[in-house]
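Structures are listed in the sections that come next.
The two complexes that follow have subunit A in common; it is paired with subunit B in the first and with subunit C in the second.
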Partner chain A sequence: MTVKLASYVLVLLLAITLNFLLPRLMPGTPLRFFVGDDVALLSQESVRELMAQHRLDRPLWEQYLHYLWQLVQGDLGYSYQERKPVLAVLLERLPWTLLLTGTALVLSTAIGVTMGALAAWRHGSAFDALVLSLFVLLDSMPSFWVGMIFIAVFAAHLGWFPIFGAQTPWAALTGWEYLLDILKHLVLPVLTLTLTTISGTFLVTRSAMLGVLGEDYIRTARSKGLSEFRVLYRHALRNGMLPVVTVFMINLGFLVSGATVVETVFSYPGLGRLLYEAVLQRDYPLMQGAFLLITVSVLIANLCADLLYSRVDPRVRV
Partner chain B sequence: MRAYRLIAFVLVLGILVFFTATAQAPLIRLAIPTTERALTPYTYNTGYPGWYLLMLVYDALMVTDLDGVPRPWLAESVQVSSDGTVWTLTLRPNIRWHDGQPFTSADVKFSYELYQRVTHPRFSGPLRGVTVETPDARTVVLRLSAPSPIFDLTLADTPIVPKHIWEKASDPKTFENTVGTGPYRLTQIVPDQFYRLEANADYFAGKPAVQALILPIIKDATATFTALQAGQIDAATRTLTPELVAQFQARPDIKVLSGPGFVSTLLLFNNERAPFSDPRVRRIIAGVINYEELVRTVLLGFATVGSPGFIHPSSPWYNARLGGYQALKLEQANRALDELGYKDTNGDGVREFPDGKPLRFELLTRSGDPVRIRTAELIAQAVKPLGIVFDVRSLDADTVAQRVWPDFDACKGRNYDLAIWGWSAPVMTKADVRGLFHSDCKVGTINVVGYANKTLDGLLDRQAQTASREERKRLLDEIQKIVAEDLPFLTLFYPDLIFAVRPAAYDGWAFLKGEGIIHKLSFVKR
Partner chain C sequence: MKSVLSIIGLTILGVLGGIAIFTPAPYDPHERVSAPFQPPSPQHWLGTNDIGQDIFSEVVHGTRTSLLVGMLAAFLAVLIGVIVGVIAGYSGGSVDTLCMRAVDVVLVVPFLPLMIVLAAYLGPSLLNVILVIAALTWARPARVIRSQVLTVKSLLYVEAAHAVGGSFWHLLRWHIIPAIVPLAMTQFVTVASGAILIESSLAFLGLGDPVQKSWGTVLYYAQARGAFLTGAWLWWVVPPGALITLSVLGFALVGYALEQRTNPRLQYN
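Right after this comes the complex of A and B.
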């Protein structure tokens, strides 16, 4: 256990260092982004003053030590772009991202596992062929394209759903109406995200189940006269779950990193889009903070997976 | 008889109700592309539309009219001493801040000194060396260390903040109070989602034409215009691309507004590298590019062809006697290159330097900007028959900036041969030729081509310090003539600004020359 803990700490330290280093290795400076387009109006003194203000004129090792010192104090720094503490910026976006990616993850896992199990059970049938080709088709569709089609059809043409945002800005709704408004804004992005991520879970479940369904104990269970449903869900699925859990835990870890493309297409105020902008704008503190959040949540998901495996499959226990 | 009276009465009542109802549009939804943070002078984000939105909440002493000429605004009169160094302003009486406090000269003094004390990228530079005196509550006397013919633009550019609020701010750079004197007060911000502005009914220049402005943030361009078509928004600060114009014009519920834009698109030569260090080579390249065709092909005609002197023909500073680029026939151009000693010695179709190196250069342009990429390709095609190869390379915008203008500091040199580039509207509005062309990199802060011409330097210094507008105009005419001769870079075109709006929601938009429809005068009677 101590070895495991030590390895987690090591990975975290390594990630923190990379999070610091990688953004600074990109060409370009964040200067234009604390200034805006007006950078052409800047005098040379102002340029130097601004660089000094953000410690960007210091050697890299000095900036790094400063960053570590801040981190130890629990301070994630100040976002250049938002002019706010990084932590506050992240916390503003986090609920929206979790709502979007969380809902999509639950839906895609539930549908993916069910359909995967059914397809494996009816292996070789017309149903299997149909579902398999459908999911492969879904897998090949880029999410921005699906999102744009949905916007064009369901939002612009039919007018059933809003085109952008997470709520109606001018409505000032309360109670149920407010919830309904949020839900209406959620439908298309969640649908897009679910459809474009579902095939992973489906394919893994299907292939794991195919392996399990060929085992002797399944034949034994069937010959005992158990119902097909019971065989499928009690005997087969339980034993075929391990790879599915792996896929789920990986997805869980990346929940907070959001869905950049979908968030962009639907102007959804999530973390993925924020991170993407932080990269474009060379917003070093925000990038560091967001990557740290993602690192930590991936590590936690990993840890959970490690602990969960031994519960799901006793063979993993050491 | 009675029935007639009744009908007449109802009719009059109806008309009255109709007019009172339409006198002010209740609400419009104007999409913006990105956050403007807290929308204070220190936190607004973009030059466009950020500064223009800021100026809906705050006022300046002057305002530029629709031709871009500064007129008194918070001030009712502006007088300049004959040597151009003393500016005396009388403030309008009875103006109040959004919180009801009276606006006085003390606020002006406080604001200007604030920008001098706490560096602001846009407002600080032009106020350097200015002292502010306030003989009484309605008089401001500004003393400049040297005359400036465009100081009125500074007066129109610099927002005034309330002293009684900002003097309590511990850090102005993050202070979030938005009490101003402007036509709108900021009533709600939901980060990354929208802003809500409500009309200031007591505005000194009259009640604003729209009661509430909702500014939803829509980051994606396609989503913005889909939302406009679907009626989910009424206007956008984003400009329409030329391909979409016909489709939008065909719709009865959408109106397309367009006019000249002051953003420039340029072909930069590195003036410090051969062969582009030679003005004769630059002139030959300039002579084989068909600028009208560029505008027709790339922008479907929605642009003004570039002036070789950089200044836009719609600018009051334009030298009208300048004319366009000197076109060259291919044979002429080829002969001129032969004479300069660039010959194709190995017969591969590409000319060589005398030392045998081929005339092959990288033309940088930013990815994600199809107009510029297409422009670069067409220019590469135009020079190919000359035996010169331009390899178009599209790179991330910041990577291009870092090679053309490292750390935004012209003194740090440059690392490119050719690039497609552009300057934002304020460079044109101010006609900042000194920044563009001066050989001293501390003065020529945006001279990213490394151009040096001592004769021109003298003229550039003189135009920046003359007291009179007429004298500056004369000097600028001369400067444009020299630039058109030397061609340190090529001004290819200035894309038009095209906007799409829903007139049913609001139809009072006014086009500010070079800058568009998003500004104070679109909402306040002028």
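Right after this comes the complex of A and C.
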């Protein structure tokens, strides 16, 4: 666990250091990464002033220490496009990403585990082959493409769901109507993200269950006269769940990456979409903040999964 | 069953490779050759895009770019993976620990957001895309190669060769390389499958090389011009995405078949 923890801290430091070094090592003045491309239009004097303000005239190590100190204080810089502190912009967007990825994660794990267990139980049947090929095919599809097709079919042509965003703009809905509106906007992005991340869970559950179902204690359970349902879900799945938790962790990373693309397709106002907008508008402080927050969320999620793992499998010590 | 899958995979890759190498694009994908937003016609099989470029030519051209980027990135990633894996596995001790810690770090990093940040600073070019993908996908190959090297090293006859004074290069040439080549090939195919998907995502986000159009680039413009709001999605959105899916699937199937052959643990199942 300490080893794991150490590598997470290392990842975090690496992300921070990368954020620190990238703008400073690129050719040209680093100032344009702090205040925007307008820096070319400024006078020598104001450039010098701004350089001093951002401490870019100090030695690199001093800048680095100052940068770390700022981060500790929660100061992620100033977004020159949004004209707000980066942290404020990020916190506005974070709930939407949590809603989207959280829902997709729960759905994709639930469906993946259930289908994986069923496919293993009916190993070699037509159902197994069908579900297996379906999920392998889904795994090969780019999530943004699936999203675009969903928008074309279900939003633009059938008109069942809204085309973009997380809520109807300027509608000023309240109560149940507001909730329903958010739910309607959530359906297609969640469906896209779920379908394109399900196969990992499915494949691992299936192969783990195939291993477990061949064990002696399963035969014992069956010969005791327990129902197939009980054997499958109470006896086999419990042990088959171990590798699933591992995949769950790996999926977190994929989910976040997937969410970046899916949010962009659906113009969903989460962190991934923010990252994309920041790149488009060359808003580097915002881009770095979004990247840092995404990294921190993935690390926290990994940590939770590690703790969960030791709860599921008492043999693993924390 | 397994041979059927590998035949399907190889057929898909063969057809796509054939398109990339032999099919001449009817028009220059960078030239305006017709009125914009044309539906499919005998002159333009997949219609034209928002500025009157031939979509079929773009897709054919994209096949070259996407496959090339995927394979070059995968080659580079596996090369790094082999070097790190051999060094870690052969040296053991603190070198091994250091390499494996690096592997852990790369595996945890949210790769697409990091790629977006890197691509945003480095600027959009094919070379950058390849380097960035390789830099973030070498970890899995490294891990696989390392464990194979560890296995080889512990074989009695290899230990014997070492004991009688066989040098590192001797062991590498006669024992390690023959043992890791099949695994490296499997990893290459698997990483290529992922690399094509990643490249398409980057290009779709507008971070690809604007001069070398890939499938993702075509979809980027389709998205930006709202192709899915009209009937145009059928010929503008579906074909490039279907080709991405096919190529990813092709590599994945071949990788799966290779893995069944090369992974000793799976061989007797």
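Quick notes
Operating definition for what follows: the second predicted complex is superposed on the first by the 241 of 318 C-alpha atoms of A that agree within 3 Å, B and C clash if a C-alpha of one lies under 4 Å from a C-alpha of the other, contacts with A are read in each partner's own complex, and residues count from 1 in each chain.
Assume a contact is a pair of C-beta atoms (placed from the backbone, for glycine too) under 8 Å apart; a residue touches a chain by one contact, two chains touch by 3 or more.
These figures come from a predicted structure and were not determined experimentally.
Of the two partner chains placed by the overlay, neither subunit B nor subunit C lies in contact with A:Leu91.
In the superposition on chain A, contact of A:Thr264 is made with both subunit B and subunit C.
In the superposition on chain A, A:Ala52 makes contact with neither subunit B nor subunit C.
Of the two partner chains placed around the shared chain by superposition, subunit B and subunit C are both touched by A:Met148. By the touch criterion defined above, A:Ala156 lies against subunit B and subunit C together after alignment on the C-alpha atoms of chain A.
Once the two complexes are overlaid on the shared chain, A:Leu173 sits clear of subunit B and of subunit C alike. Shared-chain residue A:Ser43: touches subunit B; no touch with subunit C.
In the superposition on chain A, the residues of subunit A contacting both subunit B and subunit C are 26, 148, 151-152, 156, 163, 264-265, 280, 282.
Residues of subunit A that touch subunit C in their complex: 6-8, 10-11, 14-15, 18-19, 22-23, 26, 136-137, 139-145, 148-149, 151-152, 156, 163, 253, 256-258, 260-261, 264-265, 272, 275-276, 279-280, 282, 284, 287-288, 290-291, 294-295, 298-299, 302. Remark: subunit C residues 101, 104-105, 108-114, 116-118, 120-121, 193, 197, 200-201, 204-207, 216, 219, 222-223, 228-230, 233, 237-238, 240-241, 244-246, 248-249, 252-253 touch subunit A in the complex.
Contact residues of subunit A toward subunit B in the complex are 26-29, 31-32, 34-44, 46-51, 81-84, 89, 92-93, 148, 151-152, 155-156, 159, 162-167, 169-170, 264-267, 269, 273-274, 277, 280, 282. The touching residues of subunit B, counted against subunit A in their complex, run 27, 29, 34-35, 37-38, 43-48, 50-51, 119, 121-122, 124-125, 128, 173-174, 190-194, 196, 212, 214, 216-220, 222-224, 226-227, 229-230, 232, 396, 398-399, 401-403, 407-411, 423-424, 426-427, 432, 435, 441-442, 445-446.
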